[in-house]
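Paired with chain B in one complex and with chain C in the other, chain A is shared by the two complexes that follow.
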Partner chain A sequence: MVALIMVSIMALMLAKPGYRKMQKIKVYNRKIASLTILGTFAALILSLIEPLMGWVLVLCACSFCITLYKSIAYSSPLKNSVLNLLALLCISILIWLAADYGLLNTMINLLVVACCLKILNLHHTGDYQMVASIQLFLVACGLIFHQSLLNSLFYAFLIILIFCVLHAIKIKETGLKTYSKHTVILLLQAIPVAALLFFVTPKLSPLWQMPVNQSNKTGLSEKMTPGDIAHLAKSDELVFRAEFTGPLPSPQQRYWRAIVLDEFDGKSWSISNTNKSFDGPQMIEFKGQALDYVVIAQPTSTKWLYSLDIPILIQGLSMQTILTNQQFQLTGRTPLYTQGLYAVKSFVEQPLNIYKGYENLSQYLQIPSSGNPETVEFVSENINTSMTTQEKIDKLKATFSYGDFRYTLSPPLMQSAPIDEFLFEKKAGFCSHYASALTYMLRLANVPARIVTGYQGGEVQSGNVISVHQFDAHAWVEAWEDDKGWMRIDPTAIVAPNRVLSGLLSMVQNRQEFRQQSPFSLTNLKEYAVFNQLRLLMANIDHTWDQSILSYNQERQKSLLKKIFGNMKAESFSYALIGSFVIIGLFISLLFIPKRKAKGSDEMEWIDKLFQLFEKQKLSRIENETLQQFSQRIQPQLTPQASNALGFIVKEYYEWKYTGLQQPAPFKILKNRLYKHIVMVQSQFTNK
Partner chain B sequence: MKSWTQARVDRWLDKRIPSSHSYQLDVNNTFILPTRFGWAIVGLMSCLFILGTNYQNNVILMFCYFVFSLLLLALFHSYVSFVQFHIVFRPVANCFSNQYAQLQLDLSHKKNRSALHSLSNIAIFSKRYPVYEYLEDGSNIIAISPFSRGLHHLGRVSIESIFPFGLFRCWSHLTVPGQFFVFPAPIPCGLQLRKQNSKGNTGNKSGVAVTSDDLQGIRDYRDSDPIHHVSWKHFAKGQGLFSKDFSERSAISGWLHFSDYFNHNVEQALSEVTFQILALSKQDANFGFSIGKQQIMPNTGIPHQQQCLEAIALYRYKQHALTLDENGNGRINNGINNGIDVSQTGLS
Partner chain C sequence: MQKIYGEYNNQMRKDIESCVTAIQQKIKGKDEQIQLALVCLLAKGHLLLEDLPGMGKTTLSQCLASVLSMDYARVQFTSDLLPADMLGVNIYEPDTHQFSFHPGPIFHQVLLADEINRASPKTQSALLEAMAESQVTIDGNSYELPMPFFVIATQNPLFQSGTYPLPESQIDRFTMKLSLGFPNFEAEKSMLLSNDDRLFSKTVIDAEQLLDMQKQVTNVVVSEPVVDYILALVNATRDNPEYPNALSPRASKAIYHCAQAFAFMHDRTYVIPEDVQMIFPSVTEHRLRGQDQYAHNATLLSAQLLKKVDPIAA
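Take a look at the complex of A and B:
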């Protein structure tokens, strides 16, 4: 498909505007139209700045300036041959670079280049229309990357502007206000139909695999060098939200597992290649209460998903299957390229010993053959083989309690022997330093241990939702103790207990560091109660958006339709579809029906009614007869009282109509005055 | 083959939209299809659907459905704004071949048209003539193109509107009723007038100025009478307009013979004769005109001038095209008009 788009755009770019008629068609409201389209162009480029190449950005800036100048001071069109040559050059560069940048990025770059070049020559209707369609496509590309409520609103605004331009160039010269109002009315009329279609049209599974964006999205990585997670701490990007149906986990239980790292090369931890699947027990019984929750995960660069220990998957993602493995992890087959929703049950009280006896623990004792000599010496001095596992763990944990360690977001560089330097020189670090050092020491002491990275904590919103941000990224240690299984040990909690209980930003010092590094984050406003509430409100709205729109999938569609129409069979589902189309048809015809009927004035209605009154008595009006002529004609047939009353009515009406000077009295007053006379005429009829 | 299908289409159109002076655009004479841009948007919509489905991106899907419903709405608005218009064609005026034929039409719209549709623009164009113009409310004069000498009719012109967003094109092919003459462009030359003679063929070739003082009497004023023949004396007395009737009312009289101007180039000669007729009429001359087998007896005034000019326009003019008389009935006129007294055709 991408190739198809590329070819079609190439064809479009190179097509000579040989459509003679198109050229002749006048463009109205030219100045406003070109300035608006320039504005939407700039906004789109800014929102898509991430996947754009440098030279494309330079091209954008150039074409922006030229077009701005051209739209203010009218100038002659550029030569098409020059533009076509330039287009060919750009396209060949893009195709050349396509392999490095990935298809999706290349496509976006191509669209932007096409828009850049086309915007230079805004002269005919066709030019505007082509630029508008490219921009609409760019909006769609933007929506691949950003789907939050604010971004969606931003793109909706751009769509409105683009359609404003399309409207403006073809209608009579009017004020900006008129046609923007009309455009908005037209677009608003489209929304109910669109919403109905959205909720009713069957949701399909992906038709084929799409190119995935190779962006450098922040997130946990599969290789951790102590200090790595610190850069995540500077980001307040949302990672996922978990909505609980039952009670929330306590702060100490909020360890969101993502990746288990088990191989150490002296500097960094990674996932070993050894096979970690094994035959488990037939039946597993879980102890304790389960927590039920739904996770709405934001797009990420890794395939690892998040859950509390021990997760049982209830409902997977709509676009791919989720795997559970024996390291208690949830993984997708590919990274999440769009928001995903899955439901999990977690047994937080169950010790991680369910695979006891099945697991091969020797791989968790792997250590590099050399390096960090001081640590090796330290462990061999403190630990002897006669100690129990629990004693060894306690002993090594104690290192951090009495060692004057410091928790910091900006740890000093530790190059040659990182663990030695950390433990005995710098004594300052981030969670990954502590986890790394403790795991290494445990392995030296012959205790199977591994590092788990993930997120810890999260912010509670509206009672049952926990939002987890990148700055909640955390690393902790799991050590094997024969009775209890894998035991979670968080060395960071020993050094900075607040980090675990109330989050990273609870510490003043960390807050200052965070502020220095991300000065524009809204999270900085946490201290001010009003702003914090506002921020939480926004987060809530955002969550509702995620829940209702972004995560609307086949399952939800079924349940929604079930709620409305009762139990669904395939048959009744198709009825529902047909029904919805009928509703759409009715809606659209409703827009037009009232306008067909001429709305007569109050006065005309009154006169018609008066004539109808006589018509009932078989005194009908001859065509085009005025009221006066009519009354004179029928007078002989009326009783004296009735004819008097009618005479009065006619006299009053004509006086009101023709002698009223500049501003006649409202018709209502006259109507009320004449009412009793009409009743009089009517009563004479009935008496007869 | 192409002309055959074209003929079929034309016949179908004639049946569907019969020729008329005034057209109310409605469901019977309106066509509607997406424009090129409309098709592009349909393509965009399908791309959006694929993107939205494959990325499981609900916002893009929403965008897709929005575009879809917008297309539906545009279809309706396009039609409704188009059928608000009412078009009245005025008869096309006769003209000279160096002038543009001018189509006059009045555009009006229904009274209860909504404000939303009031901005809709309607344009006129034709497949046959290089015209594309937007119409204003009220009377419009559209210069079509210069025509060659002869009797013409404009045939079908098209009007279109792409009102909301240019997604759909509403159009109609309307026949402009009536025919018009195109006279040769006048070319100045020397006057060659034969003396009035009962035989008409021989005589003095130079123009003879006849003095015209012998007053015969007074008669009612006719529109064709020159202003200097008006009896101002009677007018001043309040008795109305009378003309002094002279025995020879024109200063110049004689026969204008086309053969006197003819040398190789027929069109050049016709242009020169046209000039002479215009000049003689301006001088209020009493002249007869002989062209080919056709003779127009001496007379004065605008109708006479018209008759002469029409004879020139139809000289050796073969008309193959479908012509329409004033009642709107089509007939094929294949006759060679040379020699037919035009005044009998009822077209003057």
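Take a look at the complex of A and C:
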């Protein structure tokens, strides 16, 4: 990212408008440049389609069509005033909508609108440069949303195209080969610099936090209404990958906990306020089998992280601390907007009762005062107070075993009393329905219970990696037994044991449903061995990319530097770093030392200004007239004072320029001497 | 020093002024051509006058010779004219039993080669060689031509019968080509009314002074921007299919010297682009046209060229 932004800043420097009049773009090059710009524009818009507003998309489509027409059939330029008015309108709409849309999205929309409008008026070199730099920023924005290897390659390709455009408008030769050759050489030269910057620049925590993305990102939410997770099951987006150093957990153990929900309002489950803060666990001796793994989590809009029970954090995120709370969850302090990597040790055999006493169990017995009367009746009929907790649990679990329940990804709508309808009418639902119903019944039976949402299962890849996708989202129940602590109960496993053992897609029926709902998912190709292998290979490459590039953080930088330079004091290292940066900076600044102005460019500017002065009075220079001829021609139309002043200017200028002394006096002196006279000419005009 | 130089120059300039006015009395309404002819002379160049018969070509050359008090010879070129007729011959002298050289008309300070395109190419080239080298070699002996040496050739337009067109290489040796053209109504009227058929014989300066002036002309400053301008003009003709005959370095030299002479005539110690523009058509038009001398183009090629090159930017 940093490198990319630097690239764009460099491009901006290149894009410094100027010499607008001087440079004419070759017609052929102009055509190619416009079409390429259009191509990259379309590709960028398509890749950024999520955060864009509807009307912006319409605007994009319009400007795309107009520009396409214009670049094929050359037409007169649009009026700048019209475009400016349009821009003003767009900006005011954006400001109006900004509050609902979040800062980041608004800014992206703003960039896209700017690109849209600027693209309509591509005439001078400067215009192309401006559009190119806007597009480079859009590429940077795209990388906020998509960071996978394929996407990075896609954006790299776009960058090459944009640089080709920047090149094409500058050169006289034509031909695709010329543009691409030069550009690729240029970018190849930039690669070592970018790599050096990437590996060596200190990885500081960002001074600027990415603004909260308000668009509804798929993922677990802190409020669950049964049926919600079914929505997640349609997505095959990657949630995280876990790389195990030791043995893999068995399928039954793969319950990736994320959120614990304990407040029920009759329809939805949410997190109660009481459990939201916790100081951290006491040191307790953990026993039994432990699993070591590293999780690479994809960005989400929540702060919940994923782990198996009971997690002990080995190494946290580079950006923020991770908390462990009393419900055995890991959370970040802020949502995970960028990819995060953390190492965890999980004690899968350890009972979930270590924080006993910290907890207020009564919270887990909370039920809404009314609603779902049939369920209340059912529980009171079946359960009596004399039964032990274990008996109560078994009894209620059995409800699902004999009830002709069905597991489906597209559950029927249950509106007024969802649990009643589910249990006694529809008898079909997704894991969240089962978990919700069971938890409710357990609470009615005076057994403390809660819903846990997270992910279950995951796809095993080579190298002891488990990939977990959104369709692995799951919800289950935890119930409290006094002597054992929290017990995991998965009612879904009773109804559809395969869901737990081999994942959602193992069931033919579900697979069909999944296919109906997301027909373009690569996961559909699982049945064909070749494609499946290919898919797994791609997933592996992607994992390596994540592991090595995206999660390169301060720690890893330190260890890398240690490997190269040996043990070095932090202090001396930072001095060396500063020193090398200063040296590099000096070298770069050498490039930017203003070159001695081309001979006479100062003078040309002055002459141009002089002619412009007269042009304002409709006295323009005839093609290739000399200054003297010009002044003689326009003299009759000037006031005597202006005419005299102009005569003096011409005389002085000619003497300066053509008397041909070996070393002509610097132009500045002449300029200063004539300033008064130019003002005189000007004032005579204005007096008229 | 500067002042003395200035005063010295002033005298010269007055002389030139009076030369011009003297000629103007004889040839009316052709001020520009008279000036340019003098420029050509001051730049040590040779002049090609091209016009229909009876337009005053001979008169002009005779006037020039007269005001500058130079000796003057006229050779009427015909198809049977031989080089020896012009250059001179070695003749056996029975008295001394030796060959002695009898110089031809070329050994005059002003030579009017009338109707040069009527002579055979052999004779034409003999003249032009002499012009280029300022000396003549006959039978192994070289003879210096007098100084100053000024050839005014006249030619009739080619559509007249019995002419040998000058090849490009020869045309290039003439520094300038001028056309007098018909006089305007007023000028012709005053010419007829004055009824003066006497030969023009008014001397203003002598050859010595002319040589001095020619020397002074070379001191006129041509600054770098002006040289750049000249080169830009010349280069615009090269590699351009619009100009079948590109301007040679000799042409750029001719422009350079003529511009100096023009500036000198106009009381300036330095050349400005306007000087170049003034002399440019007569110096380059015949070179640009080449064989195509008489193609009827609406605008002169040299004028197009002047419009194409920006004198300020160059």
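FYI, the second predicted complex is superposed on the first by the 529 of 688 C-alpha atoms of A that agree within 3 Å, B and C clash if a C-alpha of one lies under 4 Å from a C-alpha of the other, contacts with A are read in each partner's own complex, and residues count from 1 in each chain.
Here is the rule we use: contacts are C-beta pairs under 8 Å (C-beta built on N, C-alpha and C of every residue); 3 or more make two chains touch, one makes a residue touch a chain.
Not measured: the values here are computed from a predicted model.
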Task: Per-residue contact with chain A, leading partner among chain C and chain B - done: B
- [ ] Considering only the touch criterion stated at the top, classify A:Q147 as touching first (chain B), second (chain C), both, or neither.
- [x] first
- [ ] Figure out whether A:L590 sits in contact with chain B (first) or chain C (second), or with both, or with neither.
- [x] neither
- [ ] Could you tell me if A:Q629 is touching chain B, chain C, both of them or neither one (first, second, both, neither)?
- [x] second
- [ ] Could you tell me if A:Y552 is touching chain B, chain C, both of them or neither one (first, second, both, neither)?
- [x] first
Open item on the list: By the touch definition at the top of the document, which applies to A:I185: first (chain B), second (chain C), both, or neither?
Closed with: first
TODO: Return first, second, both or neither, reflecting whether A:Y658 touches chain B, chain C, both chains, or no partner chain.
DONE: second
Open item on the list: Using the touch definition from the top, list the residues of chain B that touch chain A in their complex.
Closed with: 36-37, 40-41, 44, 47-48, 50-51, 53-63, 65-70, 72-74, 76-77, 80, 111-112, 114-116, 119-121, 123, 125, 132, 134, 162-166
Open item on the list: Could you list, by residue number, the parts of chain A that touch chain C in their complex?
Closed with: 600, 604, 607, 623-624, 626-629, 654, 657-660, 664
Task: Parts of chain A lying in touch with chain B, wherever the complex brings them together - done: 1, 5, 19, 21, 24-26, 28, 125-126, 129-130, 133, 136-137, 139-140, 143-144, 147, 152, 155, 159, 163, 166-167, 169-172, 174, 178-179, 182, 185-187, 189-191, 193-195, 197-198, 201, 204-210, 318-319, 337-338, 549-553, 584, 588, 591-592, 595-596, 598-599
Task: Residue ranges of chain C in contact with chain A within the complex - done: 221-226, 269-274, 277, 306-313
